[in-house]
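Next come the structures, one after another.
Two complexes are shown next, each including subunit A; its partner changes from subunit B in the first to subunit C in the second.
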Partner chain A sequence: MTVMVQEVKPAIINNSLLQRSRSLQGISFIGLSLPAAMLVAAVLIIPFSWLAWLSLFDATGNLSTENYVRLLRPAYVESFLTTFKVAGLVTAICVLLGYPVAYLLSQLPQRAAQILMVFVILPFWTSVLVRTYAWLVLLQRQGIINQWLLSSGLISEPLPLVHNMTGTVIGMVHVMLPFLILPLYASMKAIDPVLLRAAANCGASPAQAFRQVFLPLSLSGLSAGIALTFVLCLGFYLTPALLGGGRVAMWSTQIADMVAKFANWGAASALSVVLLIVTGAILGGVNRFMRVSNAWGGKP
Partner chain B sequence: MLHRPATSTQITHLQRLWLYGLVGLVIAFLIIPCLIVVPMSFSDSQYLEFPPRVWSLRWYEAYFFSSEWRQSTWVSLKVGAATTILATILGTLASYGLHKSGNLLKPIISSALMLPMMVPLIFVAIGVFFVYARLGLNNTITGLVLAHTTLAIPFVMIAVGNGLSGFDMNLERAARGLGASPVRAFLTVTLPQIHISVLSGMLFAFVTSFDEVVVSIFVSSGANSTLTKRMFANIRDQVDPTVAAISSILVVLSIVVLVAGQFIQRRSRASPSPD
Partner chain C sequence: MGAGKVSIRHVHKAYGAFKALDGISLDIQPGEFLTLLGPSGSGKTTLLNIIAGFERPDSGSLMVDEVEFITRPPHKRDLGMVFQNYALFPHMDVFDNVAYPLKLRGIDRASIRSRVMGALETVHMDKLAARRIGELSGGQRQRVALARAIVFEPRILLMDEPLSALDKNLREHMQMELKRLHNRLGMTTVYVTHDQQEALTMSDRIAVLDRGKVIQLDTPQNIYDHPNCKFVAGFMGETRFLPVERRDSGYHLDSRSLRLASEPLHRGANGWLIVRPERLRWAGNAQRDNRISGKVMDIVYRGDSHLVSISLAGDHEISIRHTGSEGKELPVPGQDLELWLTPEASVVVGDAIQ
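== the complex of A and B ==
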């Protein structure tokens, strides 16, 4: 008996000691993340909270809803509608173009898939500014596409392809497509090919097997990709600013104009707060079903 | 060949032909705009032709002999280098600290540190512009480096986090058990094991800073304009073919970076460490 007690007792002491030192360690290790956290707070969280706070006051410094009421004016309402229209259109085109690519990627043998993947990743790595410039050069009045269409006799006048909605949507689809393909591919890769073979064994035609087995299983990855693409479109600035030519008033370009041209911080902040809430609500809604953050693999 | 089955469910390559065609078109759509600026930048004409009728290095000369372009390239390189150093140190420390601690604050801090990647850049830009105006940091290198470091931290943390999750922490514990101080154990045992992840984090940090446009548009101007800010202003106001030359240089650079990244990954896969 005594022998047993002597064996157990030191073990208990050690445990509590270890636990205490572990929680102490936990505190000191979390301290290592503080410099980064402080920088993010100083550059991102505090400035934005400050602006959000300011949006609650009118020009004379009184608490008011003026900045938010103003957002109901037709010009702002129209920019909301344009933003959602562009985001919806771009996302829909990305789904139509991206689903087949992700599907083929998931079905190809490893080596071929790796080669195909390089072609999806290369635009991802190329600066958005460079790609937007390339579209501008391709789509402008004297650009290659108009020249080819003219010389082939398909059109007699150059088409207005840029500095409007068409150019903005084309440019944004090009930027967003990899954001849809990559999470979708990851989720398709996780579908067990045995299930498709089982469906075939049960007498399903390839089309049936795809429709009844593969498609439903790929829907969770597809909705993560759709949410990500849509939300990125909502706040996207560069391409609408350059390819829209001032004619496509989106949320982001409105915010930038209000700050840069009119120095109207109240209105810009109110607009940003609404955009942030909409973005957060969409991401939060989708996150209930799946972790969108898991879909983030690489560079944005 | 075409009649051979492409998958285990006996679909032949012939039946798949439409899919190959469709994917080929999408890939062409993705790739052509990235590459076409390169031949076009050697065109002699103001309206960049493809294929160029007269080849010339005119736009490259315009770039290399312009003191403004050279100056903004230099600013971008300086800011990129400083951001790489700062973001790699802060991001690695944060990633390591969060990996080791089981504190209650951990989920809050780690999601706060991911924010710069999730939030639209236009928010970051106006917030930074607003606060920098009060601190006198607008149009300074310091301001640019701080903003870019914030944007780069999440990428460093993801890269280093990947490395740490494959690293056996018992090795570090063993070093501590043998009497190494926490700092020494980290520097001599953990860091060498995750160095490839740290390197790829550095690469991400540099690219994030060097390619960043939206924040730079707001907080840099004049002598401290970054290359991207000057390119943006140039593209918006006139389609200046000099930008085609710079774009081509950037495209070639990004291909080099991509190949380097693949090389690093392949080396890390080949190395015996689980990193």
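== the complex of A and C ==
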């Protein structure tokens, strides 16, 4: 009997000790995360709420839905569709150009891959503005590309490569490509090369092994890259503004016009809120799709 | 399905200055279970990869059923292989993994279904056909990998340390299962391992490899009892070596003449006497057996026995098991001890093959 009492007693003491330690842990967790939470509130939640609040007032300062009703006008609907068209086109071209690059990087020996990776990341270290003006120089009527094409006799008149959709898409693809390549490369690096040997051993030709093993396993990285690129394209301003030459009305250029030309903060806010909600919905949808695909072991 | 005879001739493979394979020649008989045994870096995995077609040798020949395979791409070799970490496809379930080789061969759905379920039954995994690979334990993955390798009934099955990731009990259980499966299916099996126990348990023949060369190729019993050099002897069992001197017609251990049952394979000047715990005797016949005397250093309890370590003159150490059934008291540390080795159990080897 005495033995049992001795065993039980310390257990009770420990329970209250552990309880105290747990509540201390809780307090320190809240204490440590408080600064970050305050920062997020100050730079994200408060400005966004202010933005949404602004969008509910018309030019005279009265509460109204005018700013949102205005968005149903054909000019805005068209701009909304253009935005998705450009984002979709840029993302699709990025996939076509980026997938082979990411694949090459993932298959090269470490050292060669590092050197090539510098070329992928290099654009990150240059200002978007500088790169966009560089494209302007290359693509304009008297630019290098048109001059070369003219002198080689392939064309008789300069191609309209800039101040239109073509120029916008070319410039945006250049800016967006690393955002697609990097997550894709990371997921390809994680594919065990032995799996391709196993596929070959099962009788798969290199093309079959790629299609049936490598490609499905790289899809999670591909969808992350697509989501990132597409969402960044939706709100992209600088390149469409400069290379579009005012002819490509993206949602972002509309917002800028609203503020710079018409000083209509309410209308600009409404445009921003819509963009934010659409972006959030896309990210949420992709996130859900990816969680599902991860739970199934990477299968799409 | 052919017979499954493999002939390897003068295969060389170098990575820079490192010779992974240095002129390997080997014949594997149809239906044989051959183990490539060696330490890491001995070239055993390189040789297996050359047979599978993942590596191309610098020179040499690889004939499978009298057909030259050396430049044939891996997907046209029709060999089953079990990889070290199983290499199952994580985006397919168990059934699809096993069905993959059959789908590639354009077999109709109904036969795929019956053959996959048959292969899964063979490895006791038929109940888990719908499971994802991520939901399987190491032992279960092992079985699925095996099912995938045998489902298309290849004439040759290659295995690259398939049990090394499993814990000891499961490993021993799987050794027996693999052995039985081989007896049942009868396909030529080339098995790579660095585990001598695994090699002895499962193989028809063992090829001991070191530094890209086949050192000895023989049955497990001959490899264990009659190793042809110190390297092979040291790789097998808990082997200790005592130096012996060649004088006149025979060998001498501590100036006593060594009695051997047969003329040793080794014919050099000086050699090594192999001493393994299970071959030493507590009692012996002074007229017939070899006597080894020393002092007890320490005694370790091992569950089924005590392991007694004995130090000999010249700073050598040997050990013997004490199970309690030898009619001798367990000695105490510091005690002088006389141990015996029958002529049949006395084997002398040289430093290298003669």
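As a working rule, the second predicted complex is superposed on the first by the 239 of 300 C-alpha atoms of A that agree within 3 Å, B and C clash if a C-alpha of one lies under 4 Å from a C-alpha of the other, contacts with A are read in each partner's own complex, and residues count from 1 in each chain.
Just so it is clear, contacts are C-beta pairs under 8 Å (C-beta built on N, C-alpha and C of every residue); 3 or more make two chains touch, one makes a residue touch a chain.
Just so it is clear, the model here is predicted, and its values are computed rather than measured.
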Next on the checklist: Quick one: is A:Arg197 in contact with subunit B, with subunit C, with both, or with neither? Answer first, second, both or neither.
Outcome noted: both
Checklist entry - Who does A:Val213 touch here: subunit B (first), subunit C (second), both, or neither? => result second
Next on the checklist: Let me test your reading of the model: by the given contact rule, A:Gln107 touches which partner, first (subunit B), second (subunit C), both or neither?
Outcome noted: first
Next on the checklist: Applying the document's definition of touch, where does A:Gly284 land relative to subunit B and subunit C: first, second, both, or neither?
Outcome noted: neither
Checklist entry - Who does A:Gly235 touch here: subunit B (first), subunit C (second), both, or neither? => result first
Next on the checklist: Can you tell me whether subunit B or subunit C touches more residues on subunit A?
Outcome noted: B
Checklist entry - Between subunit B (first) and subunit C (second), which, if any, makes contact with A:Gly88: first, second, both or neither? => result neither
Next on the checklist: Quick check on my understanding: which residues of subunit A belong to both its subunit B contact set and its subunit C contact set?
Outcome noted: 197, 199-200, 206, 209, 296, 299
Checklist outcome for this item: Given the complex, residues on subunit A that touch subunit C span 192, 194-195, 197-206, 208-209, 212-213, 216-217, 296-299
Checklist outcome for this item: Counting only contacts in the complex, subunit C reaches subunit A at residues 52-54, 73-81, 83, 85, 87-92, 100-101, 104-105, 132-134, 148-149, 152
Next on the checklist: Help me check something: in the complex, which residues belonging to subunit B touch subunit A?
Outcome noted: 6-11, 15, 19-20, 22-23, 26-27, 29-31, 33-34, 36-37, 40, 47-50, 90-91, 93-98, 100-103, 105-106, 109-110, 112-131, 146-147, 149-150, 153, 155, 157-158, 204, 207-208, 211, 213-214, 218, 228, 231-232, 235-236, 239, 243-244, 247, 250-251, 254-255, 257-258
Item to check | subunit A - residues contacting subunit B, complex | outcome: 22, 25-27, 29-33, 35-37, 39-48, 50-51, 97-98, 100-101, 103-104, 107, 116, 118-123, 125-138, 140, 142-144, 174, 177-178, 193, 196-197, 199-200, 206, 209, 232, 234-238, 241-242, 252, 255-256, 259-260, 265, 268-269, 272, 275-276, 279, 283, 293, 296, 299-300
